[in-house]
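Chain naming follows the written order as A, B and C, and within any one chain the residues start at number 1.
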């Protein structure tokens, strides 16, 4: 198929960017979206132009590196997948596809479609852990029984890949879904309860500092999350935060 | 006597590690504060090592080309992690895990290292649970296990199909705790481009800030490499796009020996190649082989009909199917080790029984498992005389709960529903058992330079068993390296901070800059990917799943020619002082091109078939690998002498005192 | 005072004040509906509300604070949210992942604010002036005529209807959303969603019905 691509090009964080239009022939439906961009880049290099810069790594939907706002939605039109898992069969011959970086004050553009998501790392550093030493001198794993429901819920929260689609989709660029997943992943387990109070306070404080917007419960994050992280985790964090604030 | 000293402690196998820990030197806590360690790579091996070292009190700097440590490719490991916990009471033990690993590695790994790995494996699970890794549980609240290829017990712990992700998040959370304390300084989006040797010791690295392009000097008292494998040398592999051998290769060129580069694992269950545009291959967890049955049609005409779309696989009668693994290996069946399963698939496809358009695929069929589980569920729910549709529905539900995410992934890529029609799979490059040679302390042949995880060679011999990579990465990082590195660093307590103004740093920086500028200044006509793809084709066709002397010799010539062409005709757009992914790729591919030659040389010299290394000249009449223990029971450690072709091989002989070396049979 | 500084606390403030206003709305509707059935009942309830000390000097100030908090916090949050994405998307397909209503609470909110201003001008200020400034005589029968009289004007009535349509939209998202903000998301949430929709339709419709009833019965 033949496609028209409107791609955001920006030299670096200091300069302004703009859309540029490219046309691409011979796109196969079996290509992933990123492979389609590879083909475009190969063309650009052959024409002595600068290839489009975008984040990507594992290309199997788990590392969370790939991003891209495709036709107005993070990771494109299909649900529950990342951009690297989006295949061109989701598009039609003659389509125009607009490709932009994830937009948020907390995610400044590095170059073209690549943004800096280190705000997420700082949120995790603020408390996303259980304070146990890694010496291995701990109790036998089976002495901490965890009911299956809690283990499964913690796992569901922990499947967050930190891609930033929640922020990108949210009209407020809020990071509540991400933060709540990272908070819940620990607080749902007995091991994580010990530090739960301080953890939620610290992580929310860091989230606010990074300049993300506020949650207005539109649910866009959940709908666009490639891992289907549930809004319940946001409610959970709100609850935990309130409890923690009251406790002090 | 070889010049390689593996430093294996004396004494009985089961006491070596405990005894060694008791006798090595330690660094007191006050002194640890004055010692800096650089950890390159932040996957399971690097992340766990960085966290533990920081916890012990060392000042740690971590480096990753990714924008976050948690994006390292360990995250993509699906199936699970082995540990000799014997929670299932099915006869597992440290010795059995040790034995399985050595046997699975086709008797080409170092006994003492493997035993230690098995010994600390149980601790890993304790550790991970304590730090909140949500492993799968049974309803009683205890940990669940499953079984993996090449073993007869259930010792694999898992978190659905995302075990690697959960373990990495665990290691990263331990890192985060130390970052928050200021004990780890993370350098994300930084790539190590050389190691700096001062007075014969590794004392730092040269790194490039990938955002600004700035070349930086970082000093430390020791450098730990945890940079993963070099599977991307094949271009198409299950590795992440950025996975590379640059750090290992640079260290090799500065004096670290590279061991067994030809030992590469081809994973049997990957999604087949769909076309020219393919950028990477996607693995489907080996755990699928617990329930999936692998087959091709018995008759060639059926295979052709399926290929041309005239026949649906589900319409093929049971007696017309060839479940070739069950046929050839009745005792292990579909759960034979990876190398065996991969070769068997290739054998069938080469013989003309392949089932997708390219003829390079076999079926992985869940129909019988769905039926079996469906009947089981019907019985559990007291449904009498369930209809076939009901059984299917119940069975699919069980399969969904076990492998849901994998099935979804498959459907997204292939656009076919694997619940209804069998999956198509084909082997793909997955893991490299070879890597930097290390002694028992995980030290390379450069003092102060350590290698952990996939980037070293030590534990998997010629073939790695499933769910053992995660085990090794975490064992090295959490429990081995942090002890053994202290022995070396205990001599450094009075050294003080290492200055980055030393001439060795200036020289290394200059060399790095010159190489990058050289890449930019070729200004040729072909993209980096163009060369990388061509290199991959040479490797896959001639140094891939089956190798022979003639092909390997040709490959060596072709690699050299390609490398020469690369330096004359590559086009790297953009500049040095900016974000420039093409420049990053160019550097990595240029290193792959050198490693590829050594890789082929190693494969050529090893005139036997063992594990992932299959030489067509050395096989039994039934097509099984023919090992030559008489002449090749050693580790081939290559020393760099100015060019890959000049490399000198050193042998570390492998002595098996606790295992009877036998022909590996899974029949 | 974490109550006003952290994002979650601000949301909780929005939520609690919003829920308070939801309850107020129901009570308001009950009184208004009396005007349809019986002018006397309406007058007597209105008189009670207008003269009871508890209502006047405790409930009324709380209501005013609630309204102010809700609006001021709404504007603060909106301005922060705008700052969180300084460069807008070229293409943004919000409808594919969320409802228009949920994304435009500020719009419905502003319309309601304008309405509230008119409403204050119509009823509240004259009422305050009558009672506490000009010290008018206590007249328990004046409320019905005053109220019904306002609906003679078609433009005013149309504005009133429009405001309540937007209030319905505001409630459609806001009611259940308030529960999510205070951490209530569990097996009852589906039922709550249903009740939200019922409430968001029925209550504004009730107000609209009363307005149209008086408009048509002038």
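Quick note on the criterion: contacts are C-beta pairs under 8 Å (C-beta built on N, C-alpha and C of every residue); 3 or more make two chains touch, one makes a residue touch a chain.
Just so it is clear, the model here is predicted, and its values are computed rather than measured.
> What's the chain with its C-alpha centre farthest out from chain B?
The chain farthest from chain B, judged by C-alpha centres, is C.
> Have a look and report which chain pair racks up the highest count of C-beta pairs in contact.
A-B
> What's the distance between the Cα centroids of chain B and chain C, rounded to whole Å?
62
> Could you work out how far the Cα centre of chain A sits from that of chain C, in whole Å?
37
> Between chain A and chain B, what's the gap in Å when you average each chain's C-alpha atoms?
26
> For a test of understanding, state which residues of chain B touch chain A in their complex under the given definition.
48, 51-52, 55, 66-68, 70-73, 75-76, 85, 87, 120, 123-132, 134-143, 159-160, 162, 164-166, 169, 172-174, 176-177, 179-180, 186, 188, 211, 238, 240-242, 274-275, 277-280, 282-283, 408-409, 412-413, 415, 478-479, 525, 527, 529-530, 571, 573-574, 578-579, 581-582
> Hey, which residues of chain A end up touching chain B in the complex?
Residues of chain A touching chain B: 11-12, 28, 30-32, 34-36, 38-39, 41-42, 44-46, 48-51, 53, 55-65, 78, 80-81, 85, 87, 89, 110-111, 114, 116-118, 120-121, 124-136, 138-142, 144-148, 151-152, 154-155, 158-159, 161-162, 185-186, 189, 191-192.
> Over in the complex, which chain C residues touch chain A? Could you list them?
Touching chain A from chain C are residues 2, 5-12, 77, 80-81, 83-94, 96-99, 102-103, 105, 173, 177, 180-186.
> Given the complex with chain C, which residues does chain A contribute to the contact?
6, 8, 19, 69, 71-73, 77, 98, 100, 103-106, 169, 171-174, 176, 204-205, 207-208, 211-220, 223-224, 231-232, 234-242, 245
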